[in-house]
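Listed next: structures, encoded as structure tokens.
What follows is a pair of complexes built around chain A, which joins chain B in one and chain C in the other.
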Partner chain A sequence: MATHSVSIAFAGSGGAGVMTAGQILLDAAAKAGYYGLMTRSSGPQIRGGEAAAMVRIGTKPIAAVDDKFDVLIAFDWGNVHRFAAEIPLLPDSLILTDPSQGEIHAALLAYRTRVADLQMAALAKAIPGGRVNMVGLGAIAALIGLPIDTVVEVVSDQLKKKGPEALQASAAAIRAGAEATAGIESPAQLAPALPSSVEHWNISGNEAAGLGAVRGGVRFCAAYPITPATEVLEWLAPNLADLGGVLVQAEDELASINMCLGASFGGVPSITATSGPGLALMIEAIGLGIASETPVVVVDVMRGGPSTGIPTKSEQSDLNIAIYGMHGDAPHLVLAPNAIDDCVFTTQWAVHLAEALQCPAIVLSDQGMGQSRAVVDRPADLAFIARRVTAEANTQGYRRYALTGTGVSPMAVPGTPGCMYTADGLEHNERGTPSSQAADHQKQMDKRADKLADYDYGNHWADIEGDGEVAVITWGSITGAVREALDRMAERGLKAKLISVRLLTPVQPEKMAAALAGVKKALVIEQTHSAQFYHFLRAFYRLPAEVEVFHRPGPLPVRPGEIESKLAAWM
Partner chain B sequence: MGKSFNTIQFHADRCDGCGDCMTACAQAKAGTDDLAQSRIRIVPAGGGVYELALCRQCGDPKCVMNCPSGALTKNAATGVIDWDWGKCVNCLLCTVGCAYAGIVFEAEVGHVTKCDTCDGDPACVKVCPHGALEYKTVAGIFNEYGDKEDLFAPGLSACQGCNSELLIRHTLRKVGPETVVAAPPGCIPGMGTVGYNGKTGCKVPIFHPLLTNTASMLAGLKKQYNRMGRDVTMLALAGDGGTADVGFQSLSGAAERNDQMLFVCVDNEGYMNTGMQASGATSFGSWTSTTPVGSAMKGKSTEAKNLPVVMMMHNCSYVATASTAFLEDYYAKLEKAIEASKHGMAYLHVYAPCPTGWRFSSAMTTQVCRMQVLSNFVTLWEFEPGRGLRFTHPVDRPRTIEEYLKLIGKYKHLEPEQVAHIRKSVHDKVAFLKRFAAADAAAAAG
Partner chain C sequence: MTAQAQTLTAKDFKSDIKPVWCPGCGDFSVLSAVTKALAELQLRPEKVAVVSGIGCSSRIPAYTNVYGFHGVHGRALATATGLKLARPDMTVVVTGGDGDGFSIGGNHFLHACRRNVDMTYIVMDNEVYGMTKGQASPTTDPDWCNSKLTPEGPGVTKLRPLNLALAAGANFVGRGFSGDPNEVARLIAEGIQHPGFSFIQVLSPCVTFRSEQRGWKDIVRKDTLKPRHTMAEAMQVLAEDDGFNTGILFAGDRPPFQPGQKAVTELAAIERRFAS
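Moving on to the complex of A and B:
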């Protein structure tokens, strides 16, 4: 039966070509007009560790991993059983195995799925230069009904540099794999792709964040490599250079954030990208940005915490540190994209807000978005371009921290004649002169709070979809899974409203009240162990009388099915 | 574990057939200039290549097996195959057994002769003007180390060809079980020291601290052991990032306080565990994923921090650089470092060329290590307060820098100006160290 979505897991030892196979399948699906999502998983150890590429292909945009996989193909069985929990299978799923590459582990056999043999190693060996992962790729394409010629074309594009022999070997291996599936019953054949007038992009969340930054006007980045955020700086390095921007690799996170503050003080919109441990190191400097009203954007690609935690896997548990981490009363912006393509929008908006409000902004992405790739409709071009209110030269009686109606005061570029000032982390008066006077402290605190509170954030503070007396309130990358669950509920005639909060701070009580008008029950969904988002909502919002929370930590992705069953039981 | 012995090593590539070794041997053993009585023979093999005919003091000697009279015996203490004229019956069966022409009949004296290594002080080695003969004296150390327990469980998942595993196994054997290891995030935990794969790990307590604070963590722990009156070695096994970049502040503080620990930096010039990003220790011109090669960039545009020199300037109790291609040198330094760590900061900077991140064949690691030293790309030296800096393996006639660079993929793109830059900076770096060494030597003499 033709289906609208197929999920495939490639697994094997590191170096077996698992990621390459997944990537090519996603590219081929895109070329054939499908949407797709590829997530990746690997152990924390170096070469030789296990790896899995999980690809979901469909006729409609895909924002979440599915509840089960239709096919698991393993190039070898080294430590693949460690993914058993990440690769749920059903009895009508299919495991493709090469009997010459070891036995299927009991943890996977426990799913009681169909198993088919595929002599991948032997087939690859028969082709000079043939590789096992290409044989496997061909087999998968054939089984799900992706045109083999499209796969070969994609491989040809990517291997151009390697010469005609490599090309021929790969093409032969792909076709051999496809032919070898004769007699294996397909677990799921893709329905034909739907015609689309919109250009499709194949992008990762980390690349999307980089793109959003650049579109927002960022021309300076200083960052220190950290999994799973490093791709942001790797993407920004050449792209900033092309735009006349600058990227510096710093020696640590303290240097990164302080370089950004320096660059921003000098007048250029600046960004850094990190993950939990790095954010922890940056907190003091973010506080300096808040007090000195120096805009800066920090993208935190969250991973499992606390401490070194689970660097290669996702969680939403940096919410508390992002919101409450600073010492003192330190109002600032915290935003969260809720899909891979939304990383473009939200990061761009964050840059815009940081510049407009002269305030640090933390963007909470996560490994599940950052290191996953999706085939998406081209994100719209936005009018958000960083605009900082600057001071004119020779402004009469220039006061950097002047109390204006909006709380935003003109920020002089250093060296502007007649506009000298001290940018200060010490409490200060309107001129920037250090002050410990109660009146100055009160006024400047009010200024820094009010400029954020009084700003009009429009409709972007949250994505609100559907209606009904039941609402699901969520945030971040798990929004895709929630949305899919709600779609399935709707098909069963159960209506619920989705509220996915993008602007976490400053809080928007009036808008939330409007969104919750008529809602009698709310379910809060998040990927943390301690229900951080739920407690945050409880602290700042008036919620309906009946509120439930569904929360669990990473590293397993939140799947639509578990939300669906939770909802079904609750509604 | 089997026993090993000191031995004479022949470097055919350095031999020009001058024959000085044969003269010296004839003089030492027979008191004559008659080369026929030399027990070492240099034999032309054509094309300007020379071969060595000399007793190899085999571990499984054919000559001993063939000898019907018990005149030849393997000396269990020295490893030398001793020949006893009193028992020899001149049957010459020993010469039939030897594949190396290491025992031959000498007409002049009327019996067989063979090398006895001049009782561990071979005359031939001392006179060779080209360093083609070398007396390897590491056997004692290998024997000592071999007898100690390997404190790393087998099966570490380091990349093939990584020298860190070799380094750590040898280091822990010497440091011993009364040790706490701290391994901040990086390749060392990544290869399984902390037990990632559930099977392997370290047989001494191991703490997996932060990348930023390894030295501080150990400093605190050491204070607690001192309080308890226990003599436990604090051993840090950190990468160059956890040492020279983000880990530097805490290391500098600990060094300034002269906290008691043995800090080993395993320098693979970058963040190789997480996808080959550059660090402050990455060398000029290196390709990494954050110093890419393209039309605008040609690899890293700045020099590596010279961290061992920076540590020397902290006046640590002991500072040394080391290479796993020169293990004898490393062992000597490790011994001093362990002793020094009882009183203060001992810092060992060990070079760890990375086959995965530097792009060379995993079979080439030791050769790359060796060429680093022989080309003066890195220098082996030690520093002790009061004694100053001393080269432990000076290379006065270095191989060309190209010979080193061409072994490694991450330098493949280098343009002639970049190579010239590296040549000059290597030269300057050695000259800089030499000034220290000369001043310290003069101070010691005067």
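Moving on to the complex of A and C:
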């Protein structure tokens, strides 16, 4: 039976070519007009550990991993059983195994899934230069109904540099794998791809955040590597340079954030990306950005915490530090993309807001989005480009922190004659002179709070979809799974409204009240152990009388079915 | 004569804000030396930025009439690095104390030396934390017992900033004494003109918590350090140095670190690579 989405897991030891097979499958799906999502998992070893590439392909945009996998194909069984919890299978799913490469572990047999043998090693060996992962890739393509020619085409594109022999070997291996599936019943055949007039992109969340930054006008980045944020920085390195910007590798996160502040003080929109431990180190300087009114954007690609936590797995548990981490009263922007393609928009918007409001912005992405790759519609171009209110040369009696109606004061860019001032993290008066006077403190605190509170954020503060007396309030990457769960509920005739909050601070109580008009009960969904988002909502918003929260920590992704059963029981 | 071409004096680089320093503090002289050096070089005030961290001497930016950034404790070199890399047209001077630069900011000091971005770092060294009322710093002698925090003395070997700067790769290394502001001004002017990272230690007495430092004026040996051009020679000099010789120790020829800023492509071309 044709289906709208299929999920495949490739697994094996490091070096077996698991990730390559997954990526080629995703690329081939994109070429054939499908949407897709690839998440990855690997053991803790730096190199050579077990790895899994998990690919979901479908006829519609895909924003979440599915509840189960249709096929698990293992090139060998090494330590693949460690992924058992991450690769849920059903009895009518299919495990493809090469009996020469070990036995299936009991943890996976427990799913009681149908098993078929595929002599991948032998087939590869029969072809000079043939590789097991290409045989497996061909088998998968055949089983799910992806045209083999398209797969071969994609491989040809990628192997151009390796010469005709490598190409021939791969093509032969793919075709051999495809032919070997004769007699194996397919667990799921893809429905034909739908025609689309929009260009499709193949992009990861971390690349998308980098692209959003440069679209927004960022031309400086100070970088310190950290999993799972490094790809944001690695994407920016060559691209910023090509655009005439600068990326510098810093000695630590204390340096990277302060370098960004220095560059931004110099008039150049700046960004850095990090994860929880790095964000913790940056917090003091983000406070400096707030006090000195220096724009900067920090992308926090969240991972399991606290401390070193689980660097390679996703969680939403940096919400509290992002919102409350600063000492003192420190109003600032916290935003969260809610899908891989939304990482472009939300990061671009964050740059725009940081520049317009002369204030640091923290963008909360997460490992689930950042390190996953999706085939999506090309993100639309938007007019949000960094625009800072700057001072005119030789402004008479220039006051950097002048009290204006909007709370935003013209910022003199160094080089501007006659407007020299000192940016300061000490409390100051309008001119910038350090001051511990009560009146100055009050006025400057008001200014820094009001400029954020009074700004018109339009309707980007949240994605609001559907209708009904029941609402689901969520945020971040988990939105994709919530959306899919709500779609399934709608097919069963159960309607609920989705509110996915993109602008976390400053809070938008009036807009939330309007969104919740007529809503009798609400379910809050988040991926934290301590229900951070729920407590945040309770503190700042008037919620319906009946509110419940569904929350659990990582490392396993929240799947639509989990939410669906929670909703079914609750609605 | 246009306004642009008018000759600037040290006074033009001073602001009207009164320093918070104690009467007799060495930092007054260093402030004068900074403004004197900027005037000597006839830099436009709007093309100069003074960046600092936290501490008595880190208050300097507000007392100058150039662009300034008074940031967080220990991170001035990072802030200044970002500014200079983003705005290579600016002259960047960093000021601070021994606690700010060698303790909380020690790691940034090492990496600023080896990164060799074209800027000048002036450390006013008084071997004490003054703003927090007299605690031992990394340059305090191990047997200094006048702090409530370490009444038996810090008991830790004192750091030798010039040795550290040289070993880490600073391209220009000098030492001055606040009691001789003209020499300090000359060192600063030379440091600003020398390409790459210039480090200048200025012995700047704290008359409140280290009143014995008033005696430095009798110990300091003026202009006894002459510029060496290889690390080996400079190291040799330091082997015999007691910390009270002043002058230029080292002037190297490493090219400064400044990644290019020439756009070679359009954003649209970058975006096309995502098309599947």
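Please note the rule applied: the second predicted complex is superposed on the first by the 570 of 571 C-alpha atoms of A that agree within 3 Å, B and C clash if a C-alpha of one lies under 4 Å from a C-alpha of the other, contacts with A are read in each partner's own complex, and residues count from 1 in each chain.
One rule holds in what follows: contacts are C-beta pairs under 8 Å (C-beta built on N, C-alpha and C of every residue); 3 or more make two chains touch, one makes a residue touch a chain.
Note that the structure is predicted; figures quoted are calculated from it, not measured.
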Which superposed partner A:Asp342 touches (first chain B, second chain C, both, neither): neither
Per-residue touch tally on chain A - higher for chain B or for chain C: C
Partner chain(s) touched by A:Glu526 [first = chain B, second = chain C, both, neither]: neither
Partner chain(s) touched by A:Glu293 [first = chain B, second = chain C, both, neither]: neither
Chain B versus chain C as contact partner of A:Thr308, first or second or both or neither: first
Partner chain in contact with A:Asn258 - chain B first, chain C second, else both or neither: second
Partner chain in contact with A:Glu355 - chain B first, chain C second, else both or neither: neither
Partner chain in contact with A:Glu234 - chain B first, chain C second, else both or neither: first
Touched partner set for A:Asp67, first chain B, second chain C, both or neither: neither
Touching partner for A:Asp318 - first (chain B), second (chain C), both, neither: neither
Chain B and chain C contact sites that coincide on chain A, given as residue numbers: 241, 251-252
Touch list for chain A against partner chain C, complex: 27, 30-31, 199-203, 207, 211, 214-215, 219-220, 222, 239, 241-248, 250-252, 254-256, 258-268, 270, 284-285, 287-288, 292, 375, 378, 412, 414-426, 432-434
Residues on chain B engaged by chain A in the complex (per definition of touch): 157-160, 185, 187, 190-192, 196-197, 208, 210-212, 244-246, 248, 271-275, 277-280, 289-292, 294, 296, 356
Chain A - residues contacting chain B, complex: 43-49, 79, 224-227, 230, 233-234, 237-238, 241, 249, 251-253, 277, 281, 307-308, 311
Of chain C, residues touching chain A in the complex: 17, 44-47, 49-51, 59, 61-62, 64-72, 74-75, 78-87, 89-90, 107-108, 110-111, 259-265, 267, 270-271, 274-276
